[in-house]
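See the structures that follow.
Below are two complexes that have subunit A in common, paired first with subunit B and then with subunit C.
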Partner chain A sequence: MLGFTSYYFGRKKAYTIQSTNKRLTALPQFYGYYLAIWCAIPAFIIYSLWAIFEPTIVKLLILSDYANQGYLDDELNLIYEKTKALSRGQFTGEVTSLIQTSSEKYLNLRSIAQSSKVVIVLCIIIASVAYAYKRISSNNRTREPVEKFFNAVLFTASLAAILTTVGIVFSLIFQTIDFFKVIPLFDFVFGTHWYPAKAFVRDSSEALDPTMYSDTFGAVPIFAGTFFIAFIAMCVAIPIGLMSGIYLAEYASYKVRQYAKPLIEILAGIPTVVYGFFAALTVGPFLKDIGTAMGLEVSAESALAAGGVMGIMIIPFISSLSDDVITSVPQSLRDGSYAMGATKSETIKKVIFPAALPGIVGSILLGVSRAIGETMIVVMASGLAANLTLNPLESTSTITAQIVVILIGDQAFGDPKTQAAFALGMSLFIVTLCLNIVALRVVKKYREKYE
Partner chain B sequence: MRKNGVNMIKISAKNVDVFYGKKQALFNINLDIEENQVTALIGPSGCGKSTFLRCLNRMNDVIDICKVQGEIVINDFNINDKGCDVVRLREKIGMVFQKPNPFPKTLYENISYGPTIHGMAQSKQEMDEIVETSLKKAALWEEVKDRLHEPGTGLSGGQQQRLCIARAISVQPEVILMDEPCSALDPIATAQIEELIDELKKEHTIIIVTHSMAQAARVSQRTGFFHLGELIEHGSTDKIFKNPDNTKTQDYITGRFG
Partner chain C sequence: MNKNKEKLLAKRYSSEKRFQFLGKSAIFMALLFLAIFIFKIFSTGYTAFQKTWLIVPVNFDAETMYLDANPSKEDLEEADYFEISLQSMFNLDKNANEKQQNELKKMVSYFFEREIKQELINDPSLLGKTKDVYITASDDLDQVFKGNYPRDLPENQRRVTDYQLKIFDQLVEQGKVESKFNLSFFTYPDSREAELAGIASSFMGSIFSILVCLAIAFPVAVLAAIYLEEFAPKNRFTDFIEVNINNLAAVPSIVFGLLGLGILLAVFQLPRSTPLVGGITLSLMTLPTIIIACRASLKAVPPSIREAALAMGASRMQTTMHHTVPLSMPGTLSGTIIGLAQALGETAPLILIGMVAFVNTIPGSPMDPAASLPVQIYIWAESAERGFVEKVSACIMVLLGFLIVMNLFAQIIRHKFEKKWS
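And now, the complex of A and B:
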């Protein structure tokens, strides 16, 4: 609010200067921003510092009364907590006179702090605005500081984004390393038995005995399950997604496109949980019934149900990406082909599809990486037992589903079972990262070709 | 086919109107195109030259909102008839565009594209021959004969445009339409294309849209001047440039507007 006011003051002064026929070095708006920044930033800094230090100072002041009376630190802390609780009216225990008085003092201090804070911040605002306002003249530079300020704000934002990502990756890495200190990498990557439940049995007082875990954390069945389900999903998603993409881009009239495109985008916005219970409650039992009717053994939680529904989830993704890619093939190529006497389908098959292929491959890879990272559908529909199977009618499990299984309920940090989740997460991260990098590369190459 | 003086009439446009949606782009165009001659269409931009050119091989079909009325007779057959087979028509009437648009395929595949579609070659050998003759006619063979299997997009602009010409003549069209074929090229490449056009007119009828009057004067025997969707004047290039009947033509030729 004050910022806005000072923006207008700054601009007004600049206009005034301008109207007295002096040339300004920047647009009047810049003077406004300049003043607004001077208004907000010092005050904000002081306010934050105040907010950080106020509780500590108040605590010190209150406890200084009792400092020399031989209380232990813990007791002092207790007194302080009780005081605070009483002041907020949330105290339930017996109110001693000591706490009563200190609570009064606490409230008193707080109100002083409150009002002095307002006064000081206001003073600072006025002082800094006055300083900046004085500095506004026809020839001082406001453009640079303002630009620098925006630069700094944007930089901080991106830095925060990057740092959190890096932090997450590092925590993954360290936990994974810890895991592999107990379980050999070889057993993890090539072992064919995955029973993390076995790790539950361990009594925490027992010493960690690595041999205990042989045949517990062999990740092959989950890797296989993950890729198998993703494969089923892509079998559904690629043909349908691609064909609908081609239809939208080449055949659909403007009207159809106008409605179909947003509709598909809505499909992409359905939460995966919804797909999940669709798979678990509708498709799974349905497949089981059909299978039983045909005399087949079908698990209610089959890889087919999960993969199929996951494929449906990915269809809009592939369809809309390949639509974009095909639409961005230059019209001149189509014209060239039509002018040679090619029909529409010949043109699509022989010119547009090859031209768009890299982009299409890219969108498929992105789709695969989504399929591998998808969690909700598999947790709900594909079962949690890690069978090593290639029968789509049996239940299998995936990396993501296993992470959920492991981390649901109580977990102890530093336990191999918990760390196994990190190791799985790490593998998942590596796979999807590679897929994404390759996909983005391919798409970028494709873009450059038509720039 | 009618005779007109010494030359046969190849294409005859009668009362052609073209609309883009509600907007009329061409008004009652009547124009005869002579066989084995180069006809240049000139006029300020937006006057409908490209639109007229695209009528001749029904390329306006590609644009949803575009409606063409009137008769365009080629080989005694009205191509605006319902019965006209657009695929056959475009086999007979090739087109070269303003911006070189080779397909993102190899040079060889670029040329063999048309013959494959129209089933013109029975064997690999025949196809090789078609590719070679087309490239030779387009004066590109010597430059690219060792790299037939490299992508066509790797050529220079002028080479790409000659590749597109080779692609157009690979199906032995009777007519070649060229829409400002040199506007994206440098003077040397332009000179090469102009030379090529002169060569091609022995076997093909050529219609070229150009914004360069010097080019029209250099390469064409006949010229038509368009202005605001109307064909103002047409006749032999000599007459149009030296002694036009219409003052608008005169003004345009002498550079007073456009």
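And now, the complex of A and C:
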């Protein structure tokens, strides 16, 4: 707040200076920016440093009263929490005189801190503005520092992507490490029984007993289910997506292409929860009816329904990527093939397809990574119990579905069940990361080859 | 020509035709899926925009409500409407026994008392008179009236009893059942009762999260794209950033949900279930999309523009900020809208950060707990009651409508404002 008000204050002042200045080394607004930056940034830095360190310092001051009285760290923390609660008027327990006095001291310190903060920040603003003002008056260069500052801002923004990746890794890794402290990595990767609900019955007062969890967090059925459903999805998506990509690129007239391409791409824009609803309500029961008519036992939440609908969702990814890839195959290859008397389909099958293969493989890999990471369709249309099965008519569960099942509702951090979800998330992240890197690299290599 | 060769040629031609047919049928299949899909949603969903009302005569008897002849506004607010509401339902069949009376009561929503109260508050002169009041029918009867509920099931498998059906049919014959536009679907928050459930709370939740997402993702993404495209030196570090962005664009959305849960909720202690956290999570997700779109449109600005500006003595920063960036804005904006449309349809990360909680108030700020439209679809789709099925479809229609509008908007911006360089 203070930063923002000072920003406008600084700019206004700068504009008045510029009118009196005769010879300028830069455009007038740079003087304004210069002053504004000098005004806001030091104050902002001090302000945020203050916000970070104030609680710690106040805590130290309060607890210095209790020093040398033989309290343990935990007790000191408790006393501090009580003090804070009391001064906020939220204390419910018994109020001792000791806590009463320290709470008064706490409030006192807070108000001192508050007023001194205002004073210091104001002083800083005045000092830095005065410094900047002097530099402006002596007609120093202003454009270069301002541009350097903006450059720094731009650079910081570009770090956001890295920060996000780091954030993902951090949020996953600590929980995952905690999880593997309780459950051996071997059991997780090779165990074949997944019943996280078993871990939940545990009385929270009991100490963690690793033997309880043996045979509870074996992730094989889940990994198998994930790849199985992704496989079904690709069985639907690859033929349809690839053929429509080829047709759009090679055969379709301009008009057909103009309408068919966006229409197919609508499929990619539909939210996945909508697909999930469709799979659970229409496709699942439909398959079940067909199954019963043919005398087969089909679960209403079959892997086939989830995988099939997921395949429909992936069609546009594969079709538009392979369309792009095929279009970028140089015309000379086609002409050469036609000159040899090949028909169009022979040219496509024998010349264009092999030439475009790396790009097509890349697009398929991206499709697989999407299928593995897809959540809502599986949560809504496939089962939630982890079955180790290869029968597409039964229900299976996937990594993403299990994460949702475990984390829906309230979570207790530190519980192996919650940590299991993060461990699953970690494996999901690693698998999709590898797929993406390989796919992107393949596509990039391919592009470079023909451009 | 040799006969064998002719045969071979015929074979090759038929294989050519087969191949073309395969291509055509693949496209046909994809479009067929789309058509089935849209048809299914619309055919189950359009009925949700209608709501069934029972017209029941209500006797506003002052004595039963413990009111005197000229009650003040507060008196009307405080009065006991339960008895007259109950009586008016029981009056539908004067010979009903206790069990049947109970069934009569269940023919309307539990809101009926409030609807009757509202009627009297709107027109206090009704006191002591009898008037026909529109009362929301229970969702089961609503479904029966719309023909979505099979009537020929045996009674014990139905949620509507034979007795209720009998009374309901009598009312239909008397013209006492009416279907009107379902305004409450848009103005009511979520409810456990299908006939009262509306999308207002999740709609506001979606709007707030999208606004938070826009406020964070747009500036950061545009600044990052400007840096990477215009200023970044070509070195290992910028390559690393680039690889990062491309990867983030393909990371499954649920992983972002875990990030929101593990960092925003657990470390920063932000409030659970709020559009604020949802918006931040979604903004991290849309960031790469916007960066990629913005970079593409910066790249499309021809170098001659930059060279002209530089030749006039502008600094690199001035060239970028005054010329390149404004020229690239249409592409950036349409990319942003498409990214936001993706974020609007996202469900899994929001479920993980707790936006799946049952919220029966309409949120007033991003700090209030809320659901969002796709999460609402999920919540309703998981409910067993039949009345929710059409609600889900209707909610999907609203959501799809929004996405279509956003995408159209993006197209319009792109076509209207984007300069074609030739």
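To be clear about the criterion, the second predicted complex is superposed on the first by the 299 of 451 C-alpha atoms of A that agree within 3 Å, B and C clash if a C-alpha of one lies under 4 Å from a C-alpha of the other, contacts with A are read in each partner's own complex, and residues count from 1 in each chain.
Quick note on the criterion: a contact is a pair of C-beta atoms (placed from the backbone, for glycine too) under 8 Å apart; a residue touches a chain by one contact, two chains touch by 3 or more.
Computed from a predicted model, the values in this text were never measured in an experiment.
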For this session: Kindly classify A:P330 by the partners it touches after superposition: subunit B alone (first), subunit C alone (second), both, or neither?
Result: first
For this session: Could you say whether A:L248 touches subunit B, subunit C, both of them, or neither, answering first, second, both or neither?
Result: second
Exercise. Now for A:L390: first (subunit B), second (subunit C), both, or neither, which partner does it touch?
Worked result: neither
For this session: Please work out whether A:I264 is in contact with subunit B alone, subunit C alone, both, or neither, and reply first, second, both or neither.
Result: second
Problem set entry | Which of subunit B and subunit C A:T343 touches, first, second, both or neither | both
Exercise. Taking the superposition as given, does A:L61 touch the first partner, subunit B, the second, subunit C, both, or neither?
Worked result: neither
Exercise. Can A:V119 be said to touch subunit B (first), subunit C (second), both, or neither?
Worked result: neither
For this session: Return the chain, subunit B or subunit C, that is in touch with more residues of subunit A.
Result: C
Exercise. First (subunit B), second (subunit C), both or neither: which does A:A355 touch?
Worked result: first
Exercise. In the superposed arrangement, which partner chain does A:A130 touch: subunit B (first), subunit C (second), both, or neither?
Worked result: neither
Seminar exercise, completed: Check: subunit A residues flagged as touching subunit B and also subunit C 343, 346
Problem set entry | Complex interface listing, subunit C residues touching subunit A | 12-13, 15-16, 18-20, 22-27, 29-31, 33-34, 37, 40-41, 219-221, 223-224, 226-228, 231-232, 240-241, 243-248, 250-259, 261-263, 266, 284, 287-288, 291, 315-317, 341-342, 344-348, 351-352, 354, 356, 374-375, 377-378, 381-382, 389, 392-393, 396, 399-400, 403, 407
Exercise. Quick one: in the complex, what on subunit A touches subunit C?
Worked result: 143, 147, 150-151, 153-155, 157-162, 164-165, 167-168, 170-172, 174-175, 239-244, 246-248, 250-252, 260, 263-264, 266-267, 269-274, 276-278, 280-282, 312, 315-316, 319, 343-346, 348-349, 366, 369-370, 372-376, 379-380, 400, 403-404, 407-408, 410-411, 413, 421-422, 425, 428-429, 432-433, 436-437, 439-440
For this session: Spell out the residues on subunit A that touch subunit B in their complex, using ranges where they run on.
Result: 253-254, 330, 332-343, 346, 350-351, 354-355, 449
Exercise. Residues of subunit B touching subunit A in their complex?
Worked result: 57, 59, 62, 64, 86-91, 94-95, 97, 99, 101-105, 113-114, 117-118, 153, 164, 167-168, 171
